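Presented sequentially are two complexes of chain A, the first with chain B as partner and the second with chain C.
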Partner chain A sequence: MSTRLHGPAGGGTRALIAACMLLLGLGAAGALLLGDFALSPRAVLQALLPGADGSAAFIVRELRLPRLLVGVLAGAGLGMAGAIIQSITRNPLGEPGLMGVSAGAAFGMVASMVLFDLPAARMLLCGVAGGLFAALLTFGLAARMRLQPLYLTLTGMSVNLFFAAAITLLLVSSSVEANGIYYWLTGSLANRTWQHVHLLWPWVLLGLALGAVCARLLDLLALDDSVLRALGMRIATWRLLFGALAVLLTAAAVAATGPLAFIGLVAPHLVRFGLRPHGDALGHRQLLPLSALVGASLVCGADLVANWRMVPVGILCVLLGGPLLIHLIRKQEN
Partner chain B sequence: MPPSTSFLAACLALAILTAAPAQAQSYPLTIVDDRGKAVRIDRQPRSVASVSTFGADLLSALGRRVDGLSTLNNKQSAFLGEATHGTVNLGEVHETNLEVLTTLAPDLIIGLRTYTEPFEKKFEEIGAFLAFDLITLDDSLHAVARAATALGEGARGEALNAAFLARLDDYARQAPGGVSVVFLWHWADVPFAFYDHHLTTHLLGRLGAVNLQGASPTPELRSPDSAAIGMEALLALDPDVIISFKGDDGPFVDHPVWPRLKAVNNGRAWRVGDQYVMPHGPIARDMVLRELAHLLYPAHFPAPGDIPAGARASAMHFAR
Partner chain C sequence: MGARSFIAFTAPTQSASPARWRFIMVGALLLAALAALLGLSLLLGAVPLEARQIWLALSGEGDATIHALLWNLRLPRSLLAVVVGLHFALSGLILQAVIRNPLADPGVIGVSSGASLAIVAFLLLADFINASLGHDGGRLLTLAGLPFAALLGGLGSALLVLALSWRAAISPVRLALNGVAVGAVLNALVMWIVVAWGGARTEITVIWLAGSLYGRDFDHLALLLPWSALGLAGAWLLLRPLSLLRFDDDVARGLGLHLLRWRLVALVVAVLLAASAIAVAGPIGFVGLVIPHLARLLVGSELRRLLPVSALCGAVLTLGADTVARTAIQPLELPVGVLTTLLGIPVFLILLQRHAGKTA
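Showing the complex of A and B:
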């Protein structure tokens, strides 16, 4: 994946940001305005003001706003995690699931529900722990091959399949309420609360900050290993650190929403396809925050429809993300 | 006026006394189950396995014991009380242990079509196999009639149905109405609300309560019998009474909407046993009807005293 590393924000970047902000704005407006209670835009605005009280304030602040923020944060986290994983594995089809993290986090959540029926906060922590464990397994197994991208990818896929099978085993052997299980496993923002927001925001902000600080190192990791070794760079250590960052972002997002497929894969590609025709700079300093922005916009846009039709947003992510990716690939070939 | 216990006693006595004796039913006989299959039963079944509580419930109502019984979430249903003690555990309802079932070699297997369909050939190799779809009141009535016939107790099966319908009419007449209700089940933090056509919600309707989830948007299909419901939607509905299968502990009760619901604040959010989601046997449906009547109208209907402790409704507990 060749990238131009530096340069000012050009017309493509501005257009991409404007498009994302428009989608994000629409998603946010929809999330705050639409629901089972009919609230006017004025009532929603008043409910958001400090000191607001009453039913409208409860509905907007305690029900709709957390859902919106969880969508924004999870989308941003997954988008950024996807960009990092595509870089460190040098795999354009890289995504958080490829490290086994999504399946590991989902396994942690499902195990906490099925085996222990824990309170929400502990359940979320189980999700993060599951994601971290899966990532440790992936990195641990791939470490023998110095975390070379191909081995990292193959190991991640194996770990992903292992945890997917473990989830199935857990569900088949312990519960029969398949509707509920599959509803959660498709990924949803329904009924999310501030607990989920509090779980997510520190990781996403940390990811954004570290991404901004270490973007240049990620740029370097895109170079060939022999070049990096000649430069005296500790390749495996840096891959591990960036991988850990992507893992934390993904695990927190999956713990809060369930697995949202395609966001981590599609968001960085949308950024690249949006900027390349305009010849804009595309180093990780641009790629990471823009992938986060695109990821957040995609999830919020999808949730607008999901909220309206009462379906899990994960289904919309797959329905939108799949064709979008195919379209982008065909466009690139042309 | 409270419902008369003597009325029920009279109905049941009538059902039992007027029923033809078992020997009167001649074998072989053929029963068409809900797969549309004509199942031939050569002689009166002596041993019976039940995949779901329905078969065990019916046998118990007929004064017989089931030989093998499946579990739900690795537990035997509490509402059947001692009737399930000593029965062979056939494993979870959706994945029957076929080796155990083969060893048991029952003359008759009564199961739910949903869970047994993938393995129906195996079931048929083991013994005569009847599979039922159990969602609505009609499903319950027809299944009781056919399964009782297969057991050589056709007349008593019909009598059980008649006694239940009589009690349902009696309760419906006495129920004051004017209560709104939502019947939930949940998986993790996702609540699902039952539509009108499920037997339990049908009973709620007959008792004059309004099921706020309403009818299925696809009435031509009986399944699904419930749909996911958002907590904002639940707040908008704000029912007088909440009936919830499971409904305690875990993330389900953590949500900030619960303390704002009328039912919760009035102590009318109830956690109920699995007989509410599988109410199609004669004992379960009768138990559910009587307990629902009490939960909806405690001043008019006394709490049933004969429900095993583990199956009784209890107040839901919330995290906040």
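Showing the complex of A and C:
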């Protein structure tokens, strides 16, 4: 099965990777060159060399580079989380935000900040706990509707809205300085530091590695439940484990950038669309890294526009992904 | 299906008397609850008052501060909560009847987001025009224009969502999902406008977008009341057609109803009610979803009883929620829309489960 999947898609894959690299390069160049303080390409390159000093070096290394890296890592994490969720739920409408995970994770983190004043590392843990809780809630509710995609998505979106309202409740009723948190909640890459990068990269790399190791398992999980049972697989356990991985990736991304909606929805679909006509039969060994790449370049490209027009990048992500969601809803049979 | 609903429609005449008594009892209880809440909402607040002080102030005597407090802050706000709750509840009721969708609500099907977008765009435009013409007055003029803008925006987004969901028959779940998706996109546009051009008004706008009655006065109430009259008249006019619209298309047509025309009228009335309320109080979420179901539990599904009971329930819920929202965490206050959303989403999920159980 795998040879059939891996063989014919080669040329398309290369084209897709090239397109992503182009967008990624453009985004990176824009992120490093443009800004309130215009720098020439030469100055940027010099600033990146070891031993550089001065204001240009500070701007590039401490202000612009972390922002770029956070965008790339968060996009990669979200793209992969979306691909995993779509696979384990067999739901083309799957996405961390549409399963309630993003807002659940954000709620966990805001709660840890507001109620317990925890340090950043524990915050992530609270985010994962919140995301997992929201995901389990969504699935628990949708399981009684046999996980039909439309019901699952509607349930997840409601859970997401619920946690968003709960976050507002927490923020308004606490005396914490909330303006920064509000801005974070719209999803933004502005003012990121190396601290955010360090928070993010271990998890994204871990996710990529686990995804590569377990790609075959994810392929198997796409088979019919009865087949899997006959093969002696513990379906529920594996789904839960992969779900936890997706939640972890999402929570890390949310912690660093705030909820960037719909990247997890758009990235895998773009991969499948880009690799037509083989896209639908793509194995996870290719789907996961490609989704990560597409997600990273999407966030990078969106941030280029966001940087230029001073918009939080999260808003652009919604404008990008919303129409795709509506299109996918139209395609769904009842 | 058609025949069965027809029997259900005619059946109440046989058991009219108990149902009627029930309706009268429920109505009286709700009125009493509303009056009690109204009194309570005047008593409670940052400055707790006594009944005697309120009585003195309302009759034009007593302390000037208390007089101002009551007439400028608490009374208009409480009355506005009553009217706004009525608007949202009736809007939800009409929407649920006309698209035969138990999950319908101005927020769920995208009316609120469309109205919000239109309002924010209108404010931006008004600011721009005022600035370029060089005069800064016209607050009332701007305010009076808001419901019209909201109406256009709400109607536009409702029609868009309906068109996107259009198939042989509109499935409730597909419609709700499209509504939430379109709502998310429109809200992102709203946030874009607010973040990029909001300037000093950003914080106020964010609170307004969450649905809040903070700082409303009699101007707002006066602005809303003509629309309430229009909406109530429309709802009364719609009583018979709406109760027929619940049936199969064939049955309704057979009973002499011009389907498309009445559906459009009903949609316009529903959007009008919601949009005008949003223009003064922001989108107070899920009142329109929860209340009609609650009213149905109380007095059954006959529309001429459902309508007044829904209106009263909506008023009671919104006034109660607003009173809690402004007194629970003094000296701060919550946007009332957050409370109603937290209350409404569990109800929505229960309804969704029940709907899934029915179609499965």
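Here are a few things to note about the model shown:
By definition in this document, the second predicted complex is superposed on the first by the 244 of 334 C-alpha atoms of A that agree within 3 Å, B and C clash if a C-alpha of one lies under 4 Å from a C-alpha of the other, contacts with A are read in each partner's own complex, and residues count from 1 in each chain.
Note that in this section a residue touches a chain if its C-beta (ideal position, glycine included) is under 8 Å from a C-beta of that chain, and two chains touch if they have at least 3 such contacts.
These numbers were taken from a predicted model, which means no experiment stands behind them.
Of the two partner chains placed around the shared chain by superposition, chain B is the only one that A:195 touches, whereas chain C remains out of contact.
By the document's definition of touching, both partners, chain B and chain C, reach A:172. Once the two complexes are overlaid on the shared chain, A:154 sits against chain C while remaining clear of chain B.
Put simply, more of the residues of chain A are touched by C, taking chain B and chain C as the two choices.
Judged by the touch definition given at the top, the superposed model places A:63 against chain B, while chain C stays out of reach. Legend: residue contacts after superposition of the two complexes on their common chain; A:325 is shown touching chain C, with no touch to chain B. Of the two partner chains placed by the overlay, only chain C lies in contact with A:145; chain B stays clear of it. After overlaying the two complexes on the shared chain, residue contacts for A:268 are found with neither chain B nor chain C.
In the superposition on chain A, A:315 makes contact with chain C only, while chain B stays out of contact range.
Of the two partner chains placed around the shared chain by superposition, chain B is the only one that A:118 touches, whereas chain C remains out of contact. Judged by the document's definition of touching, chain A residues 172-173, 175, 179, 310 lie at the interface with chain B and also at the interface with chain C.
Against chain C, the residues of chain A that register as touching in their complex are 141, 144-146, 148, 150-151, 153-155, 157-159, 161-162, 165-166, 168-169, 172-173, 175, 179, 182, 186, 261, 309-312, 314-315, 318-319, 322-323, 325-326, 329-330, 332, 334. Against chain A, in their complex, chain C makes its touches with residues 164, 171, 173-174, 176-178, 180-182, 184-185, 187-189, 191-192, 195-196, 203, 206, 210, 285, 328-329, 332-335, 338-339, 341-342, 345-346, 348-349, 352-353, 356-357, 360.
By the touch criterion stated above, chain B contacts chain A in their complex at residues 72-74, 92-95, 115, 185-192, 224, 226-228, 230-233, 235-236, 249-251, 254-257, 260, 319. The residues of chain A lying in touch with chain B in their complex are 35-37, 58-59, 62-64, 109, 113, 117-121, 123, 172-177, 179-181, 183-184, 188, 190-191, 193, 195, 310.
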